[in-house]
Amino acid sequence: MVLGKVIGTVVASRKEPTLGGLTLLLVAACDANGEVTGTPVVAADAVGAGVGEVVLYASGSSARQTESTNNRPVDATIMAIVDAVELGGEQHYTK
Amino acid sequence: MVLGKVIGTVVASRKEPTLGGLTLLLVAACDANGEVTGTPVVAADAVGAGVGEVVLYASGSSARQTESTNNRPVDATIMAIVDAVELGGEQHYTK
Amino acid sequence: MVLGKVIGTVVASRKEPTLGGLTLLLVAACDANGEVTGTPVVAADAVGAGVGEVVLYASGSSARQTESTNNRPVDATIMAIVDAVELGGEQHYTK
Amino acid sequence: MVLGKVIGTVVASRKEPTLGGLTLLLVAACDANGEVTGTPVVAADAVGAGVGEVVLYASGSSARQTESTNNRPVDATIMAIVDAVELGGEQHYTK
Amino acid sequence: MVLGKVIGTVVASRKEPTLGGLTLLLVAACDANGEVTGTPVVAADAVGAGVGEVVLYASGSSARQTESTNNRPVDATIMAIVDAVELGGEQHYTK
């Protein structure tokens, strides 16, 4: 997984039927302080994350290993909302 | 998935038999405003997208998790046509 | 998949037994005009492609979704020989 | 797999239930001397690694091929703690 | 697969039990002349390759499609020792 920050939402009415009911969020990779560092991906949300939160998301086939994304055509899923990141013995991001 | 813009089409008469019947589109990654930012990939189309549209496409094994691409040798599939992207509380791309 | 140009061949006599009988080609990603843009990969050939041809190749587990590559240890397979690429309403590469 | 250095830890109380019980570590790719070279990922720990150690981690579906990560939604897992790296006939990193 | 050069070895005594018995080699991507061009990965060896040899290695789930790596947590495996690379009608690397 990687650290990411939820930065937006995507609405799509015409889509693969099996995507129905999934919340699709724009998530950009971020560093240990929650600062955005990467290009955003569109991830399914398995944990009820909101815009502005720092999360962990998994990519590839691992994104389908949850009850809500099983067998669905998603390649990125938010798996956790981050409480704290510790780096080099120091607390960096905290929620 | 990532945001992408459909920028072209690819015709190939000599191909793996199981690719038959799939529409193959050139799709380039784009930003929240629909501006192209990345190198194009060739994606199968599961939703009837057209050139110029902003879409979501999935990569890897997830690209095969649709009725039309199941067990077929594709590694990128267009899964949705985007209606709107909201970023930082502001509407960016709208169809 | 991505557009690629076949630029060479690789010979390997000592190899995983299940690679036996597969043609291994050097393929470099290319743009809509057939100009090489990327670092080459070594792909199995499922369609009888030749050096100089513009092709589509799939990567990852999708590379194994053909009769000739099923369960074999390849992560890139040429799936089609490209006849034409249309981009922005204009014909670019044609065979 | 790649060589990586464990540089931190991540705490997340709200998460996919099947992530429960896994230790999540921040791991950055490193060179043969253990010097950090890449952007960190968040990996599950299958071997009891600690901050500062040089490890091997696997990515993608391979990250799920251990008893502790089987069927869990992780895409990176620490598989070994490195004792020594030899490069060009010379000992580089040693634990 | 990609062309790679074996540049070193990795020793790890504390590891995932299912990695036992596999030789782990440092392999860096190389060009058609055998010159190193990329960052090294740690690959399992399925063919008895040695340091200095030019090889082909597969990544991702394809790395597990050999008798010796089946169901093991490796994401890169050396599948062949290269005898010759021909590029643009000219012999480049030969063993």
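Each chain carries a letter (A, B, C, D and E) given by its place in the written order, and its residues are counted from 1.
We take it that a contact is a pair of C-beta atoms (placed from the backbone, for glycine too) under 8 Å apart; a residue touches a chain by one contact, two chains touch by 3 or more.
Please read all numbers here as calculations on a predicted model, not as lab measurements.
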item: Shortest path length from subunit A to subunit D (each step joins two touching chains); value: 1
item: Centre-to-centre distance between subunit D and subunit C (centres being mean Cα positions), rounded to whole Å; value: 33
item: Mean-CA-position distance for subunit E and subunit D (Å); value: 20
item: In subunit A, residues with contacts to at least two other chains; value: 60-61, 63
item: Ring topology as an ordered chain list, initiated at subunit C and continued via subunit E; value: C, E, D, A, B
item: Contact footprint of subunit E on subunit D as seen in their complex; value: 1-3, 29, 32, 37, 46-48, 56, 58-63, 65-66, 77, 79-89, 92
item: Complex interface listing, subunit B residues touching subunit C; value: 7-16, 18-19, 24, 26, 39-43, 51, 60-61, 63-64, 71-76
